[in-house]
Amino acid sequence: MIEFQNVSMEYHTGTVALKDVSFTIQNGEFVFIIGRSGAGKSTLIKLLTCEEKPTEGQVLIDDFDIARIRRSLVPYLRRNIGMVFQDFRLIETKTVYENVAFAMEIVGRSRRVIARRVPIVLSIVGLREKAKALPGELSGGEQQRVAIARAMVNNPMLILADEPTGNLDPTNSETVMALLEEINRSGTTVVICTHNRELVDQMKKRVIEIDDGYLVRDDAVGGYLRHTPCSTPDNLPPATTTGIGPEGRQP
Amino acid sequence: MKLTSVFLSLREGFRNLVRHPLVMLASISTIALMLILLGFFTVFSLNARHIMTVAGQQPPIEITMRNGVGDKELADLDRYLANDDDVLEFQRYSPQENFNQFVDNMENSELFADFPIDNIPYTYTVQLVDPSLAESFQTRVAGLAGVRKVSLELAVMSFLSDAIVWVNYATLAAFVVLGLISFFIISNMVRISVFARGEEISIMKYIGATNWYIRVPYIIEGALVGLIGAAVAWGVTMFGYDRLYSTLMAGAKPSDVLTMLPTEQLTIIILMINLVIGVGVGSLGSAASVRRHIQV
Amino acid sequence: MIEFQNVSMEYHTGTVALKDVSFTIQNGEFVFIIGRSGAGKSTLIKLLTCEEKPTEGQVLIDDFDIARIRRSLVPYLRRNIGMVFQDFRLIETKTVYENVAFAMEIVGRSRRVIARRVPIVLSIVGLREKAKALPGELSGGEQQRVAIARAMVNNPMLILADEPTGNLDPTNSETVMALLEEINRSGTTVVICTHNRELVDQMKKRVIEIDDGYLVRDDAVGGYLRHTPCSTPDNLPPATTTGIGPEGRQP
Amino acid sequence: MKLTSVFLSLREGFRNLVRHPLVMLASISTIALMLILLGFFTVFSLNARHIMTVAGQQPPIEITMRNGVGDKELADLDRYLANDDDVLEFQRYSPQENFNQFVDNMENSELFADFPIDNIPYTYTVQLVDPSLAESFQTRVAGLAGVRKVSLELAVMSFLSDAIVWVNYATLAAFVVLGLISFFIISNMVRISVFARGEEISIMKYIGATNWYIRVPYIIEGALVGLIGAAVAWGVTMFGYDRLYSTLMAGAKPSDVLTMLPTEQLTIIILMINLVIGVGVGSLGSAASVRRHIQV
């Protein structure tokens, strides 16, 4: 269970990226985090991976306050999280295969297990023939899919994906989303930051909207815009809205 | 650390080395350079000590006979010295020889044109198998017929032992200084190369690699750099020394005091020194800078 | 005028990213290049900036074969092109302001001109308050907008934008597109690679589709899919289709 | 290159320096270290040459008188030498003094117990204001009454001039070797730091920066690193030398042959050498590695 309790986060530059944000995500949920550019979505994710610490409030994972975690334990926290970073963060000097295998080596999997699992995961994201390529020899979308493969290879408890389809065409995006939904169905909590209106509207999942650091909406089943837009083919029922309107701001 | 991890770290260490040929070459050649400097210094100091030890093992003991000593006493002493097990070699000098040698050493030799040769005694120079036997030899021989004095030339011996102490100090100082410089330069290099890989390292951390998991391959890499640098330096030093040896020692006899140590005798010493310093500096330099810079 | 004449491009890894591609873009045109991930869009852009050279065929800009350009002239070619890279390529050690100003310094603009123009451009992309931030202190979308600001600051003859809205929310995306259209209206040629179906469908511009290295479609006025999808609010007239269907492949 | 560009390059050079403090510190301290080594060597060799020149300016000319020379001749010669402008200083030694000194130098002094002192002559040692006057002085004095021989001790003079040649060679060799090592290490550092900034450089190229536009700031940066390194090394060298000077020269008279050069006389020389080598090596090292590695 992930719990944000009145979390505020101010960068050393003085930018306050999150302001008094509170919400709870149960184990096994599938959540979209949306919001305009610079709203604070990536910051929220960084708090979950201990990349940044909240300046106020608490971030709890299974009732454990990760802001007060010992530094030497951070790696073990991260091993339980599959991360897809907005800027991919692939190791430039390792091949696609090695990048994915590396995530398994870290948690101490045997070579046999790695040799069996990595090709499967690469096939799933459609990169089996690119296994030997270096990240620099891949297209943007291909790199993104490597990052996705790496995030899911260890069957983590939690997948955090920051803009996982920003460089993918609609077909690939839908495939990736279907994949994440599949993983979610087996019990993994999935949290996705995205700007992809179509996908959010199609998936009919919980939507948390951040605007200028405030949590402005938390719909149990939501669309990209607060009131499901008329242009979407499938009309959604007006969802359980707990927040305020998309333009609204808390004081 | 599990066996798999050890294996993986080794593999990573090797790979890092090959993946950044630029960094690798720079580091290896720098460490090799410092070790070559150190090597030539070591070779010099070992040879200096060798020559001094050889000279010290052969203290020129001089026996001065009484003036007007008879042929019998001389023959007896000849026999005595020839049969003494402590004596390695001896040489008798007649008064005329002594005078000639003495005059040769003078600037104004004509001053001594009419010097009365009778005033000059017979002398012997004696070399012992071991300098520690000198004092008992002195006591024994001083009592023999015709012998006026046995001088041990302690000045030379104490000069030599002083000189050995000084060479030892200088060697130590050079080791410390050059060692520190090598360490410093290597750890600077490693720091820069760690800096160059900062992104890679931070990515590993984001994925959940522990500090040791990240650090160990760098330390192995540093050790490898040191190892290769040591080997290169060793090759260069030994090759250079061998050329020098064959040039300088071409016409030397084994009995000469001023002999260089043969190349074979230095091979192992230099290799050991290089390996210990190279690998030590390489791995410790890596460890230090990875630790400090990564802030793991 | 940009002209691709039977261009093929094979990477040293053996991947053939473009296969016998021919098309012409007139000065002042506004063109979308679309295609699934790994199709060869970025490669096409790289050929225009001399980042890669075609293995066969010719790439002509104003009848000048840029594959045979002298290496020392490449910088001058690039100064006439405003590039938005898929991976942003901002200089990490320079602030937002300096990153944009740097593009002007290179072409030898005076400090006075730079000091006047950079803030204007940053305001246009909505980053005026972030002028002093380093790229590492920006959100993904903000970095993308810096890249866009840098591309347009010199009023180039040609703007090449590779996935310029991949990290932007719909509102920001539309703003950026409107901006590019505005620049285009003043005579600048604009070529955009994108996966953003909504934008392509809305803009009603020329669409070139690449699939597996082949040029499979070149519509003078096109949508993201060959036959305008029914889910799009504005129905487009069936455009002048010169290529083959989206799934079709030339032998 | 326009003035604006020059200004921008300078600014960039400064900024690079400050932006990568790690690289900066490593490079500066390495170059400073090499320059300090070089500096101490220079100081040593300058002093060696200084001492040799001082010694060479005072060749001990020795005048040997005939045996049994009269008091008048001695008094005449005393007067002659005292009035000769070429003579800086002179000293007369009686036969007894000469004998004592001679016997003092002997190991077996008792050999000469009954040596007839009459055989030993009066001698003079003379120091000239300039060694080049020696030969004309010799001709002049050799013709005076009672003088048997004027010896110039050419051996000492030729030894000194030989030694100066050798010290010159050694200085040159050390300069070349240490210079090359510095150059090598610095260019390695620059290469690694350029490597570390490879991405930045390639981005500049993508935006349309020309080769020189990218290269010049790095060269300026290298020159700055060299400049700072040179200054640091200069400070350390001069401080160290000054301490050494005040310790060793505490009780020295200005007339001593074995004097060190005063610190002030070295300040400018060392500064110049450091600046030329530091800035040269820094900027050339940068230029070389930027050129090679960036493939601009």
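Note that the chains are named A, B, C and D in the order they appear, and that numbering of residues resets to 1 at the start of each chain.
By definition in this document, contacts are C-beta pairs under 8 Å (C-beta built on N, C-alpha and C of every residue); 3 or more make two chains touch, one makes a residue touch a chain.
Bear in mind that the values here come from a model prediction, so they are computed numbers and not experimental data.
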_Common touching chains of chain D and chain A_ = B, C
*Roughly how many whole angstrom separate the Cα centroids of chain A and chain B?*
65
_Distance between chain centroids, defined by C-alpha means - chain B, chain C (Å)_ = 69
_Whole-Å separation of chain centres (CA-atom averages), chain A against chain C_ = 28
*What kind of graph do the touching chains make: line, ring, star, complete, other?*
ring
*If two chains touch, include that pair; go through all of them.*
A-B, A-C, B-D, C-D
*Can you list the chain C residues touching chain A in their complex?*
11, 13, 15, 34-39, 41-42, 86-87, 133, 137-142, 144-145, 162-163, 166-173, 195, 197-198, 224, 230-233
*Contact residues on chain A for chain B in the complex?*
49, 51, 72, 75-79, 81, 83, 85, 89-93, 102-103, 105-108, 110-111, 150
*Which residues, counting only chain B, touch chain D once they are in their complex?*
20, 22-23, 26-27, 29-30, 33, 37, 64, 107-108, 111-112, 114-115, 119-121, 151, 181, 184-185, 188-189, 191-193, 195-196, 293
_So in the complex, the part of chain D that touches chain C is made up of which residues?_
2, 4-5, 8, 15, 19, 199-200, 203-211, 213
